[in-house]
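My structure is below; once you've seen it, I'll send some questions.
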């Protein structure tokens, strides 16, 4: 009943674990069978292994949190070697979230992923926490355009482009990415944000700004998903502040094909299961046979 | 000790009541003497009286709220006739927040305000809740430029331009406004946001989107104030999610000369007094003689 | 000067009917029938806003509130126990105009019964109350001593008349009507009474501030947009633009 | 499968020293010394994250936690009373490696004393504890029965040695050291012990998830970046990159 199809790939349900909030699935599989999820996005990968950022990495805000992890990850090869085998053994759809500091890094990363069993590449042009590249690609349409175009040429996998809410114009950005070859769009990544340690008179984070996520951003992210759904015809994965089934349903009614749950995973390891169950309940109560009936209904 | 100066006008303290959250001061004056505030912004005025929007106007979100009041107000003349006399009798600084649906409306409004005792005009090019004009002026630099330039020509009052966080590029927007004649910048107004009533399968608000405010937006708004402070040299009024003295101090450390408290007024009528007291305490404890010492210190 | 938020200590907080709670707060509360308080049962910023709840009764300074479990706010409040604190701002709003004589009807729907105990106590005894509920009736036991007759309608027929409360009530029998309940019900009452008998209706609205500054709670009246929290919550039927 | 968040019912929650609270939870808790639980004392979304708190003791399934009033989270928890509920996820982290013999020192700073009762109970008696506090000492009465000596330092001289706890302790007298406290203190301890005696340090970090997925809590170790919540919180002194 809750099945959805993204670019020909069937997901059991529209609930995907968002990148950077689910590791590579192992830790969660100790709490519940991650087979139950529609899909899983890997932690953001970069071509080479990275230690991520120094200093404070997590800071709580009202109904949300800021993070400056900085793409700590084992590198694409490390992922393929050490993490993917476990994920392959699971009955869920795999999204490899790929970041990069330069166009070449993205392209090399894609080439490595081409020959694996991942179902999708989620091209992350929206990470605010790396010094070069990352979100810089996701602010102005013309920079995004060139990355997406080149990436698409190389990619043998269906390619979802993950947008930054910091983009100057989210509709134009989504439109540009799709015109440039994006097979799907996911949004939003974190909002660029600031926190100050007033006692030490300096920013909390070494990089000054960091990425805001969680329920606090949901109303804005939902608006962006809605706006994007008006200008592109590809599947949209809605992300931002989802902690309840109702939130997920809002995204679907705003036009998303599926949703990703990020920070919510931190406050309850099995929150995705609650959300899936809640969606099922809602569908039953409202007599909805397929989520297609309510997609983009508003 | 907490005194600050904005364009030659002295405020007792840096705490100003934000537009639309303080009426015209009368209701609050029943709870505490509003003389204690650094300043007061009027509800957003339009040239003509307006009834505002229909349908639901207020919707709570995690650590925030969405509103779609739609500039219900007595019109500039109504304000001058019925509200200003009361405010004039108070020992605080008055900001007349002026919205408009067209350039002409802004200009006529300014002319009417020119001959009054208001200390500042706060030009609202950022209201997301009116059908025409409003925020539309505050998204792209070139539209803002023409409004601000013309407004400046007409205005005899120091003119603060209130920016929308929905601007495509907040730094360019602030810079453009200052180049076009803004004497000061206030930011942020509310974030364009969406909420969906999933049971009725329609947006909660008649206008579909509405404006998000409150603590949820603070980390983003603070980042914007910081960014703007790097590119303009005029006084900045920091706004967004302030409910505690610490929040206000963060804004000042990010570069704001003063702050405005908006939604916070709804959760505690005398929250501004707590904030003022907290700032004083902080200054004493930290041995700060003047807020100039910490302005933009990060 | 008016008081800002002050703390009330919970004396009792009981579920008197499924999803319906009665909380009694110790303190020195005041207010007239039809006025309300803004209530917070949490210190954090989520939920963000306080909730408007009518005065159900005030007895030697103790405040009684009757509330229905709706969403997160009432859910949190329902978990509080004796000795816990609530933050309250009030009394707010205009309250009912109290009439000293004539035949009076009170018409309520669901939790709209909340302000009626305190109202009935402050009216002469010639009052008939007509209360509609979805299923179980509640709170009427407490009101009964202060009224002449109690008339119940339930949608599922659990108690009293099966159907709507408006089917029980004859406007022409009264000199004055007070009503509180869901807007659609009150609109029917207002229509029924039009030209026959004056109605005071306690209107619903979503509130942010409760003190007249956000303009979030306004409704259209014959005098223009008016604030439920300030000019209201009680409006004359003929003033309400339906 | 590991348990997700589960509820614990508060049996007692007392301020045992200024700003220091001890809460005891009824239930069927388990875990080893040095492990921790993620705690939520609220249902709403603000505060958003749970708080990591060490196991202070487990006794016939009852969990004891010792916590210092820091910010909003601990403030909310401190207001809870007998019968109220907490949500807990755990036990998490690696815990201390328990040694059965030799001379053992425990060095704590401030609230770093929290995991040491349960640790001391699970060590042989040949343990000396050295505890530093800003002003008042606390929790040592409970630990005393399980150790050979208790040595106190307070910054203001209220009790014991006036100064830092590290001034009291001689690494060469021991075969093993356990430490928990503020990072700067633990760094001194690690430096003092370098090449003399092995140290196990329970490291501090801000946590979001507590289960190893957010990478928010990592510290630099000789093996690379490691997660305090997963590979830790206990690290060997020589592994910690200072």
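As written, the chain order gives the labels A, B, C and D, with residue 1 at the start of each chain.
Heads up, the rule we're going with is that contacts are C-beta pairs under 8 Å (C-beta built on N, C-alpha and C of every residue); 3 or more make two chains touch, one makes a residue touch a chain.
Bear in mind the structure is a predicted one, so any value in this text is a computation, not a measurement.
Enquirer: Between B-C and B-D, which chain pair is linked by more C-beta pairs in contact?
Expert: It is B-C, judged by the count of C-beta pairs in contact.
Enquirer: Farthest chain from chain B, comparing Cα centres?
Expert: The most remote chain is D.
Enquirer: Taking the mean of the C-alpha atoms as each chain's centre, how many Å separate chain C from chain D?
Expert: 51
Enquirer: I'd like the Å distance between the centres of chain B and chain C, where a centre is the mean of that chain's Cα atoms.
Expert: It comes to 35 Å between the two C-alpha centres.
Enquirer: Report, in whole Å, the distance between the mean C-alpha point of chain A and the mean C-alpha point of chain B.
Expert: 34
Enquirer: Any idea how many Å lie between the Cα centroids of chain B and chain D?
Expert: 46
Enquirer: Going through chain D residue by residue, note those that touch at least 2 other chains and give them in order.
Expert: 45-47
Enquirer: Which positions in chain A are in touch with at least two other chains?
Expert: Correct list: 61-64, 214-215.
Enquirer: Can you list the residues on chain A that touch chain B in the complex?
Expert: So the residues of chain A in touch with chain B come to 61-64, 66, 168-169, 191-196, 198-199, 201-203, 208-209, 212, 214-220, 222-223, 226, 241, 246, 249-250, 253-254, 282, 286, 294, 297-298.
Enquirer: Help me check something: in the complex, which residues belonging to chain A touch chain D?
Expert: 20-23, 27-28, 30-32, 43, 51-52, 56-65, 67, 69, 72, 214-215, 243, 263, 265-270
Enquirer: Residue numbers of chain D touching chain C in their complex, please.
Expert: Its residues touching chain C are 42-47, 72, 75-76, 81, 83-84.
Enquirer: So in the complex, which bits of chain D are touching chain B?
Expert: Contacts found on chain D: 45-46.
Enquirer: Chain D touches which residues of chain B in the complex?
Expert: 62-63, 215
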